[in-house]
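One chain, chain A, appears in both complexes that follow, with chain B as partner in the first and chain C in the second.
And then the complex of A and B:
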């Protein structure tokens, strides 16, 4: 029912501004695929090209084997959920959901059944006769979703659908959207600037910047093996330690470091070692193992309720943060401001990226 | 307590109320003075009338000339609405979509008839129509009135469109509606009150319009305001007051209808 999406050389520019720079992308049938990037990265433009609202300057866009790049939006069979839901205020909930069915001349009886099913799917059974204005933000979101899937579209597109909700509701809806996707198995393209959302929900994520896809992969791969400084900093928090690489020797912060992950430097061997704050431990000096060790000066310990964040400065002046569980009560004792501490991390947990 | 210190009693503000009453009276009095005059039984415009009668209304409704001019005005106003509203919707929609300098240029051009003194517009139309053979024709009158009412209609409909969320139209298109269908089923129902208000106002503007009508409507196609103007030049009798009263009634009905629509829209 739903279809794969395949793009080749899709480009779009506005005057001298390049919004999409030759995008090649394959999204599998049934996949939950996320376009992640800061504002102005081209993620929404790409979504609008898939929906048909923005005409690409060139390239190919296929749903399954059908070329759709020149097809008007109403013939593409895409369900779109907008950030502001865009429910029709002059129709009640059922009429909103029935709208795409009416356009497809589905008989009234069948229409009623499908609307009921859709309402049940988004857990709004019995609210069909409510006016749109009477619904809460989360309920509107669900109606928009029901309306977008009720006609079994080829692909489902979502443009920051959760960004208007408050934090708790947003996390609840993430779970709900995930559940919905698992039951419908619908090819879904999801646009967000929230990396947490992208990681929690997606099968695969494409990180976009300046109209290009910087890196694409499973959430775990993006988090654990960022291929660029941009991805390392955009997804999750990262400590970036300047290093210079000669052959297989990595020197950083005055120490000889071992790196298990990907190593990528500029031509002169300069790069940044990326290590996540939660992968760094605070250790006693004489702790024999094959961990990378660095010494640092503790600056501050912040109690965050669910964790402690230790801020420290390495011998080369790089500021780093370390996260540890609050059950490590000793941490607050050891990391008094100005105290020298020893930190360690596993070589497998770090990668090296280019400086720019 | 602090509320009390800021409070100015009503009687201290009495002069404001009096000023308001005087202003309102000044605005409304000339309009309502014709109403009693129209019920007078003398043949001169007299206020207040000595005694009441309906003779001027009887004369009005039995005069073929008044009837035909009232019919002309009605027809011209209706046809003008039929031309102005679709054009106004299209223009407002288009202007709402383009945000370039071209849009501003088109918008300014469309507003011209509202800015240029009407008498100049009327003279221009007269010369143009003389060449085209459109003088004293219904087609010519409707075309001129459409031009005259279009800026107002565009402004009102554009105001409605600005409140409309354009994402809704995009959603409708993604759900399977072509542009026209999306407009008709999603956009239009939400701006219908602006459109209807524009329709009423267009009707009244055309119905009341006298300057253009003086130049290009005449003979069997003379409109009511034109006929009134002719009549006033020859003789002043309370028939004019009777017509004026009816026109006031019509305007009030339309105004009330628009207010009703506005309260529904909110």
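And then the complex of A and C:
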């Protein structure tokens, strides 16, 4: 049985540096929860506090109904997958996976069965007698995973488990981790700085910065309704257009704009309109609809194989990028450097965030 | 499309022999650079040992004989010197290992600045003459030394204690001299262990002592073996400390060797004695290497 994780006021500081600033968080039983943030945001510290490797300065941390904040790591019953796998180099693959079972005094025969099952789960059947040094990075990652789940821990913690793998393998492992989570239904806390990974794999994501949770929610909500400039820029690519809001009118880049999403400005009504590059279209001038329209000067078109990126400058000097499919061959004709172009986007696709 | 202007090129321009010649020249240059070193090794190591072997196998008239070797085994007393040497070395090695292990571990967990400070004290003895380090013990433990003075002033003793010129003091002095030899390789081995390994073990359910026994200790074995071998082998041939602190009561092989050289007009007996120790040392090295070789193989990543 896995368990939910809840924490209130969890804090940790190193001298004057605050690593965790009163974290309140509830992770549901069976949820795939991701802590996302740049390095130094406190995401790994938080994971280490959950694992018990770092002693918090204060607060409460519960697995289910059990308070664990003072419990040493070996009694917490958590499976941890480390960034560099942390496989024991003096044991072979089976011995590595059997180690937690051995510590729990599982009889040898049952141990063998469970190790075989775990190896099958991560698709390494038959490699039990390999030495750790003979495995590739992806295989080591799977062994680490098998070792972390074989003893049916209460929660599974993963610290940037895919960051040491190359891009193709990483994407393949994302799918496998997701599949594994769906079959085990184990409460999982996943730490990453890769927003694409977080969006693709998680049930919910908490974005962290400076030891605080800035925004938390489903991947789609985070991407489509960022509540701050930081989240807008950290998750996906964003165009930020300076706007001023008075009442219900939004003025930006010399135009009157309509905004369908969340509007949040500072006290003087200043803010940034957030619009994703793939939600902007390049249009002919006389296209009658209720889209927001802006004129811009094309700078450059980059061919990326699967898409074209157009870089342009708005009339107020804001640089923006626009993504469109490569099949729009006309785009390359229209967007010659220095040419004036017209762009449009749907009011529902934009939100306004505070300048800081 | 624009044509790229290509200068005239030929697929087979007959350059291969010249390239091969360059490779040969580079190789002979490398050999040339290594020659002086090889010469020094031959001059100071191989030829004296060869000469020793020759001396140990001929008698006064230059005829072949095994007499020098056989005479080493003819007197039980001589063999007891060899036994003393191995026992002393083993004791020094065990004591050094027991002292060095926690010390090396402490060095790995100390904060950076304190560690450098402590490391300095580990390394400094290496830079000090063995004679100085050995005579220091006479000053500390001698009849009118610091320890006896303090105890006498405190009224604990009436007569000075005999702390030097015995077996205990010899072991003490040897341990002192040998410590850096084992602390450094142990420290290196411990420092290279990924802290996540121990953390992983504890997350899997290992108590701190279990994690030490199952994970940390096995991974430090190559360093421990390397350091212990170094101490043992160096101790086998040690002369200065036993001869000063042993006060003539501790006769190790090196002392016996020195006596053989000064009491005999011939080199033969001493050469045989020296080669016996050399043989024993090589045997220990080979044995240790096979042991460590197996272990080290397992942990190499």
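In this text, the second predicted complex is superposed on the first by the 356 of 356 C-alpha atoms of A that agree within 3 Å, B and C clash if a C-alpha of one lies under 4 Å from a C-alpha of the other, contacts with A are read in each partner's own complex, and residues count from 1 in each chain.
The rule we apply is simple: contacts are C-beta pairs under 8 Å (C-beta built on N, C-alpha and C of every residue); 3 or more make two chains touch, one makes a residue touch a chain.
These numbers were taken from a predicted model, which means no experiment stands behind them.
**Student:** Please tell me, clash or fit, for chain B and chain C sharing chain A in the overlay.
**Tutor:** clash
**Student:** Touching A:80 in the superposition: chain B (first), chain C (second), both, neither?
**Tutor:** Once the two structures are laid over each other on A, A:80 reaches both partners.
**Student:** Please indicate which partner A:114 is in contact with in the superposed arrangement: first for chain B, second for chain C, both, or neither.
**Tutor:** neither
**Student:** Now for A:142: first (chain B), second (chain C), both, or neither, which partner does it touch?
**Tutor:** A:142: touches no partner chain.
**Student:** So, A:133: does it touch chain B (first), chain C (second), both, or neither?
**Tutor:** second
**Student:** Tell me the contact category for A:276 with respect to chain B and chain C: first, second, both or neither.
**Tutor:** neither
**Student:** On chain A, which stretch or stretches are contacted by chain B in one complex as well as by chain C in the other?
**Tutor:** Shared contact residues on chain A: 51-53, 72-74, 76-80, 82, 84, 86, 88-90, 99-100, 103-104, 147-148, 151, 157.
**Student:** Which part of chain B faces chain A closely enough to touch in the complex?
**Tutor:** 165, 167-168, 170-178, 181-182, 185-186, 189-190
**Student:** Over in the complex, which chain C residues touch chain A? Could you list them?
**Tutor:** Against chain A, the touching part of chain C is residues 194, 196-197, 199-208, 210-211, 214-215, 218-219, 298-301.
**Student:** Could you pull out which chain A residues touch chain B in their complex?
**Tutor:** 51-53, 72-80, 82, 84, 86-90, 99-100, 103-104, 147-148, 151, 157
**Student:** What residues on chain A touch chain C, complex-wise?
**Tutor:** Within the complex, chain A touches chain C at residues 51-53, 72-74, 76-80, 82-84, 86, 88-90, 99-100, 103-104, 131-133, 147-148, 151, 157.
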